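Right after this note come the structures.
Across the two complexes that follow, chain A remains constant while its partner is chain B and subsequently chain C.
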Partner chain A sequence: MVAQKKGGGARVSEDAEEQSRQRLQAILLADSFATKFRPVTLERPKVLLPIVNVPMIDYTLAWLESAGIEEVFVFCCAHSMQVIEYLENSEWYSHPNLVVRTIESHKSISAGDALRYMYEQQTETSQILGDFVLVSGDTVSNMPLADLIQEHRERKKKDEKAIMTMVIKKSKSSSLTHQSRLGTDQLFIAVDPLTKQLLHYEEDKIDLAKGSVCLEKSLLDGNPSVLLFNDIQDCYIDICSPEVLSLFEDNFDYQQLRRHFVKGVLVDDIMGYKIFTHEIHSSYAARIDNFRSYDTVSKDIIQRWTYPYVPDINFSGNRPLKLGRQGTYRACDAVQSRSADVGASTVIGYGTKIGNGDIILNSVIGNGCSIGSNVVIEGSYIWNNVTIEDGCEIRNAIVCDGVKIRAGAVLQPGVVLSFNVVVGRDFVVPAYSKVSLLQQPTTEDSDEELEYAESSSGAVDHSSGVNLQIESKASELGPDGAGYIWEVCEGAHDEEWKHSVAPIPKDKLAEITQAIDDDDTEDESVLPPSGELKSDADSINTDVNDPNDDYYYFEKEVEGTFLRAIDENIKVDLVTLEINSLRLSFNMESADCAGAVFYSMMKQAVDTPHNSASELYRNASSIMGKWKELLGFYVKKIDEQIEVIMKFEEMCQESPKELGPVFTQILHFLYEKDVLQEDAILRWAEEKAGADEADKVYLKQCEKFIQWLKEASEEEDEDDEEEDS
Partner chain B sequence: MDFQVVILAGGFSSNLVPLVSKEVPKALLPVANRPVLSYVLDLLESSNLKDLIVVVEGEDAALKVGGWISSACVDRLHVEVAAVPENVGTAGAIRAIAHHLTAKDILILSGDIVSDISPGSVAATHRRHDAAVTAMLCAEPVSGPSESGGAGGKDKTKKPACYDIIGLDSSKQFLLYIATGAEIKKDTRVKKSILCAAGKMEIRSDLMDSHIYAFKRSVLQEVLDQKPTFRSLKQDVLPYLVRTQLRSDAFSDEKTVEENGNGKNNIQNNEVVLSQILSNASLPSFHEVYESGLNSRKTHKCCVYIADGSKYCVRLNSIQAFMDVNRDVIGDANHLSGYSFSAHHNIVHPSAELGSKTTVGPHCMLGEGSQVGDKCSVKRSVIGRHCRIGSNVKIVNSVVMDHATIGDGCSIQGSVICSNAQLQERVTLRDCQVEAGYVVCAGSEHKGETFARK
Partner chain C sequence: MPDVQSMVVEFVNKLRKRKIEGSQATAKYTVELLRSVISQHRVPHANQAAALIDAVKAVGEQLVAANPVELAVGNVVRRVLHIIREEDLSLTTAAMAGLDLLDASDDDDEDNCKGIGYPAMSAAVVAAARSTLRPPSLQTLLEGTPESATVPYTSSSGADSESKTADKSSITRKLKHDVIEGVNQLIHEIAGCHEQIAEQAIEHIHQNEVILTLGSSRTVLEFLCAAKEKKRSFRVFVAEGAPRYQGHLLAKELVARGLQTTVITDSAVFAMISRVNMVIIGAHAVMANGGVIGPVGVNMAALAAQKHAVPFVVLAGSHKLCPLYPHNPEVLLNELRSPSELLDFGEFSDCLDFGAGSGSPLLQVVNPTFDYVPPNLVSLFITDTGGHNPSYMYRLIADYYSADDLVM
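Here is the complex of A and B:
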């Protein structure tokens, strides 16, 4: 350092010093902006939910602190008062190495809103000084950050556009369920093996799964080698440069970090910004995203993968438990009957009493619980102050604070009991049910909403509301119970098993296996018949510059626009507006538009699952019938109509097996719908008449139709003549 | 080794007009004054693969090729020449000679490969994994005339053309994805089921399928029978096998165990699978893991052998490639030629006559009995046998085939002069091809033209 201060090195050293002086900062989102933990999160924010008897946020803060972060901005949204209150009373507020600041915003309904809010604040207070770590408050990790931040900074110095480094970890998702052990959907990412730049990011819901991952061809043009991963898990830990905040500000429609922001940067190529990845190997990082990951992460903590954040170490003011054999942790004052059988991987909290003949296995039991005799608890998470009476059976359930389970009740796998629910005597709570004292919010619009419904937030007044409800709705959990069993919303029922604490039942697995079999055969038929019709096998096409590149991208854009229009049901005139602007920006003719629009429609029809040609025809006709106006708008002139026919022919030639059989049918359909006029079809036929034999396949196919058209028009002509004369 | 070798020697490839003619089918085009086919035969001989079938398109060409083979290597190798109709494609050619195939595994090579990669190692890889198909990959060649040395700047601007897009597993042993031909122009679509089973895939666009394959005969024949539309091994059969590698039950049912007890891809017996894994002494491949997960599934393996980057492998399938190969074989890759080079890095046959003040630079070859007049300059070129070259002639980066006549004062750059062609005085050619027996008039100047009789 001393040597560096002299002469030419001065500026560099200043820079270095500035960097090292710069405080390491983190933004912690204390809201998951999701509803996966409902109904529990109606009453308590997710970050305060205990995992192995310690609130999640403590794991995150303890890790950030030990990783050298000096200042954390805790962004509170849902139940912000509870979070702030918790932090104020915790030791984090007076921590010597870590400054915890809370930011409160009630308007934010997504991570995007939160970051935009941060950006607005930033202009006033400029709290964020440089690169920062962006995590969610439900992250459990023990990875070191300092080196990673350094790596990010150095990369940023070399390449202005490297604005984010994303942490990933190897984790093989199940080949059957296509989800990771954390219960998240399988992830497909592509990374440049040398620079580690992220090139493609695709989170895939299994029900929407198409048979293949699609990498843009431009992506391979630039890179001789691309690594495509399926066995990678996104840790949701990001090192961001300040540009990330302004990007959110600029793109006000970004809501979610991954689905919108990352996709946006990768696909739309905003200002050439780049995202890089960092793979961790030996350290632990996981986000508790749903009940399954709650289960998985709990087990990892008990099995000490998250060391030093394990129950027998005080890392955030928690009272350490005593570690026994076989991974059992027990509080020193827990009372356990001699006849109780407490098996491996079990945690028992302070002041908890365990009765005679209990069998407890692979479970976490919180503080101050009292468990009667002959109770079986397996693979479950019992939080604090829970009373379980004699003879209950609890398997793979989550039981929140203050719940009473009366004698002989049974919780079937996957049950979640929210705060202060009472389960009646001998009542059997059916599998996967979610029970709460609060009624299910009736208006569910989308998954992008707050953890709590605005209306019910005031009702979280335990003392008053509860009694009323016990009386009014006692019947749902037996005569002496209290609580509503939430109805599973339509469609989500099948999903329930995926994100539950309970392991996936065997019959479900068998079902999936079957489904995969069917899937596979299906997508085989959808696959284009490769190069079957290519003539010269020896020829290798060497020209890389495709003059149609522009058109190709234009077509892509139009296709995307159209897809969006279908998904979001956008009005026709808005779609035309959008396509028109695309046309201008790509400098295309209106005939090109006609071709591209038609192409998107047919593509959509082909992509919709179908088994036979007639079904495909039905798909196509329904789509084109529905969007007739759109097509009509672009297909007015004869030229445009011919363009459409040519485009269609081209598509047929590309995948003759699929589209070939329906060519005539669809042509006829278009004619009937007045999209195509007979003049156009006849002129196309004329043009084609002189073409190669190979080119005339489709012309021949619709010979009859054309013949019929000709005759019809001749008749008309004759009619006209007659009228004239 | 129980391998049968099939060499697809092609016929009169239209890409190579006017170099090929009725007299000279593609397989007999000279590379450093030897037919290109001889390079493949030498390569196979060096791997001790001596039982060969050479497949030629067209009867005439087959006669020509057969004639050359019987004169050149009848004593060393056991070669059968089979003629197939023209334009049946590579898959069609195999279909046509299917009755000749009896061995358990078939090694298929293209007859226009000039390479020093041992086909034996492909065969070994194939056997080691008990694969359905093994393809050999090599680095993409840098095409175009490269001024050897001191052309770094030029090379940088030259982007290798993308031939194939290839997906490999993490161990780089299995082929998970391949896109060839026109498919590479589209977006890459990778099947999720394969990706999920393998976990990780490396997609490379800097590797090239070099047209050396080992197939399990039973699998190959079944595919050819079932898919009559398949024309090309590279573009149809191989991608099909790769696509279906996790669900090969499509062709496991009807044909059961073969006579000699070699089960095909579907080895019902668990013990056999187990012993195979043990013999590999490695972790089970993702195929086996996948099979064990879905017990009704059968898989087959598509393997790759990736040649070392330092190895040479080029296919002579275009005029540019013809130039490149000729240049390389007497230049950078001169160990392939089998000739011994002089101290000047060139080969001048002792019977060749050089006039006074004539220089023959390094990386040149001058065939037997050729005569070069006074004050000539030959650089990086191959000159065939019994050529007559006048005085004041400049030949750079060119190939002159046997019995060509070049008049005084000609200047030839980057061109091919076929056998018996004649250039009269003061002809200037640049990037031209002159057909066999053609006469170019005196004093003319041409650039990028092809001379052929109509």
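Here is the complex of A and C:
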């Protein structure tokens, strides 16, 4: 719990305040507070995991330094000793332009806790004074920050409430899996096109089947137009004002930055804080959140999107590799057999030996590895000092430091081998399995996602573990292997392919395509690409608020009112008044009221105990007779009367056994009581004449009645004519 | 010397992050940095030249490693090393000359035979030393003969150690002073190379000509403007220099200075070349064989010029002359920059989704910065010392660099 300060301590002088206004600061969270990289993160913190042979934190620090940040607070939580030790031995502690301070806290279990801890520290030593950049230690980017911070400051000057600027980048997500290329769920945001203010943020699963997203109605009130995006990637780079820290302090239940903080700010009307977005175009930014994004970002680095943070440039004390044809990077002292085939987009580290007849494609191989002959490595990430014996096959796997893979072993796609695991001779590691020398923690805390072994000193932990496990439980990876195959948490098994290094298997894709095709036949609506949503009266009623939903609630309310009216014997005009006010508050038409009132009456009739259809008819007629005026109030027009008939028909279809037989009788009753006019019934019959056979059941049932009506009207007509003539 | 060290680290950082662009700016930074390295270096009494050389080399190696593609850094480091060696040589020879004059007056009567044998031997040593330090060049051949005749002595004479030590401290101070003087001259030269080159513009650009250029080069801009100032009227075609479109910037500046300018796409170069009288290009570096490293697309322009027999002229300040050959293993000819200069990441992000299909990237984007033009396509080099043929480059280089420094 001791905040360590190194270097730059002497710099804090009288004019520190003056300087700090200009000084650019950043908070780097050296802990992801997640378990997605387990079992690897049990032994080493995530930020020290190598990506294309350089620890992730080096990419982040190099970028921050280059972007003009002068002071970085590295917040260490899990394996804090390892992070601090690494930074102490790296060139970052002695960097002329960048002061790196580490802050250690073991209590924090989320980003929210970390920021609260920072806030407490800050009040003591007044560390964070101005706007700061909040990033996670697994960010790879090359975007310039100085201008963006300036933009944020100026906006803040104009508008006190603009406390955060969020960096976003366009990136299309797959239309099949609705997953971004970084393996995260599709993100849906709404932005004001003029001010770039963030209005809505939805990262949790959107209802993809329906292809719709619910927005707050109030969103459209204040804004003339709203831009909706579904092809945006959140870079998890935020420019924050000091208020952000105090907000975290005030809301002690904020844990995660996005799910809690951003949503909290967006929903909160009282404080009125605003979040703005900044879209980057030519620069690169991505966060390594899961194994899928590990693979994607690695490939982006190899393809040089992150220039100048690429393997052939020495950007942070890494030894630069030599870039050859087809984007292969090779260390100058790597030994490669002539018969080995090293394909495009491959990285080979220092002191690595590649044997005869090896085939290596799209892979990253670390330093000091030795690879036997006739090995196939495809799309895999081999870290440092790995030994692979002859004839192994490795496809789409992550192999950590010090692993031994004995001759003939096969790693199927999606395998993750943690540190110092030994795979036995000819053993086949099944797809998507995660193997570690450490046993899977048995008490899985699903609420608190921690990247944490019980003791903070992972190094000691695992060295003692190695010996134990090799003796006791060696057979899980073949007779001469060592390590436990972790069981996949229940429920997550189906999701495993989503976040794995391996590409999504063909059969899974086919399955999804099939599912989508099925959906399409039912419902043609697919989430349209990003576009502008104009706010006018229509869109509020029809697009934004689901009308069916509203009608359902309205019906319930009317029914409730009606029941109360019966129980308490309230006068008709008072009930009418109540229903009218409901009508206004739900923004309904009087035809809807007619339908709802009729529905309530029939429901009441059905609910009253009865033994036969005739009894039901009696019930219904008595209720309707009693409340005729109420119904009559809403069925003045022909349209409203038709609505009632349709409603009735609908009800009959829902419970055909009960209501079916009495359809004609009740219709007749309504006609006799002058609730329905004959025109309405005839128009309904005409409309229905063109419908499917299934829909015509009730039409046929009351065919005679309609026939009779028609004749009656003709007679009337004749009478009229006679009178005329 | 903490401040020199921090300056070196800062400069190395900038080079690594590719924050300094353009060989002239880099050369200027490098030479100024080396000047402060030399001036702050405490020189020991014995063997000062070697100590200085070591200090400069140590810094130079760091700088070159930081951005091996920026050849100007290596060039300037070698130039400074050369200056140190030259100054050392001229100082010792001058000192020996003084000493030997003394010796001669003292020893004349006593030791005649020694006096006769001695100068003959030392003259041979000097000649040998010279030839190793400097490959024969026109300049040295012309200047060298009278010099070696008048000063035929070397430092190898071990006589009169007392009188020598008296001189030593003054020599030390003098060496450093002379070297700094020489480096200042180099700084002046680098700063003034644009004007030196531009002065020759009037000889090359004629009335009503059409000039084609590609990419953006300060040297080319000054060159064209100098001709314009001398009341020459001509047209300039500027190929835009995709993907960074530096040609657009050049066109802007040319128009601001009142030149008739036409912007064309890079791919239209071949179509337009028949109307062009001369192609003028600014080089990133000139190799020892006369080959040129220039902005990407230059080779295409050179081939087009050759096809239509249009002169292909390369402008290069002397700091761009690289003593290495393009086939040397330590020469890194190209730098691949970010694909985002070519493509919009957002638009192509679905092509880069590795989660689907085989997981191997199907879309590759290559964005090289430089192009290599072989010497046979170059008609003329214009440096600050005048116009030269590509085949003459290696001799020019021999004037500027010592053979010992070629491999650092």
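Everything below uses one rule, namely that the second predicted complex is superposed on the first by the 475 of 725 C-alpha atoms of A that agree within 3 Å, B and C clash if a C-alpha of one lies under 4 Å from a C-alpha of the other, contacts with A are read in each partner's own complex, and residues count from 1 in each chain.
Quick note on the criterion: a residue touches a chain if its C-beta (ideal position, glycine included) is under 8 Å from a C-beta of that chain, and two chains touch if they have at least 3 such contacts.
Computed from a predicted structure; not experimentally measured.
**Student:** Could you tell me if A:P193 is touching chain B, chain C, both of them or neither one (first, second, both, neither)?
**Tutor:** first
**Student:** Go through the superposed model and pick first if A:S66 touches only chain B, second if only chain C, both, or neither.
**Tutor:** After superposition on chain A, A:S66 lies in contact with chain C alone.
**Student:** Could you look at A:K172 and tell me whether it touches chain B, chain C, both or neither (first, second, both, neither)?
**Tutor:** Touch status of A:K172: both partners.
**Student:** In the overlaid three-chain picture, which partner chain does A:E160 touch, first (chain B) or second (chain C), both, or neither?
**Tutor:** The answer is neither, since A:E160 touches no partner chain.
**Student:** Considering only the touch criterion stated at the top, classify A:K299 as touching first (chain B), second (chain C), both, or neither.
**Tutor:** second
**Student:** Of the two partner chains, chain B (first) and chain C (second), which one does A:D231 touch, if any: first, second, both, or neither?
**Tutor:** It touches chain B and chain C both.
**Student:** Check whether A:G183 is in contact with chain B, with chain C, with both or with neither, and answer first, second, both or neither.
**Tutor:** After superposition on chain A, A:G183 lies in contact with chain C alone.
**Student:** Taking the superposition on A as described, I'd like to know which of chain B and chain C A:N142 touches: first, second, both or neither.
**Tutor:** The answer is second: A:N142 touches chain C but not chain B.
**Student:** Does the superposition put A:E216 against chain B (first), chain C (second), both, or neither?
**Tutor:** Touch partner of A:E216: chain B, not chain C.
**Student:** Using the superposition on chain A as set up above, list the residues of chain A that contact both chain B and chain C.
**Tutor:** 172, 176, 231
**Student:** For chain A, which residues count as touching chain B in their complex?
**Tutor:** Listed in rising order, the residues of chain A that touch chain B are 172-173, 175-176, 178, 186, 188, 190, 193, 204, 209-217, 219-221, 223-231, 513, 516-517, 519-521, 523-524, 527, 529-532, 534, 536-544, 546.
**Student:** Where on chain B does chain A make contact in their complex?
**Tutor:** Touching chain A from chain B are residues 10, 13-15, 89-91, 143, 159, 161-163, 165, 167, 180-193, 195-206, 229-236, 239-240, 243-244, 246-247, 290, 293-294, 296, 317-318.
**Student:** Would you mind writing out the residues of chain A in touch with chain C in their complex?
**Tutor:** Touch residues, chain A against chain C: 62, 65-66, 96-97, 142, 169-172, 174, 176-177, 179, 181, 183, 231, 281-284, 292, 295-296, 299-300, 303-308, 313-315, 323, 326-327, 344-345, 361-362, 379, 396, 502-504, 509.
**Student:** Under the stated contact criterion, what part of chain C meets chain A in this complex?
**Tutor:** The contact residues of chain C facing chain A are 6, 9-10, 13, 16-19, 65-66, 336-341, 344-347, 349-350, 352-361, 364-367.
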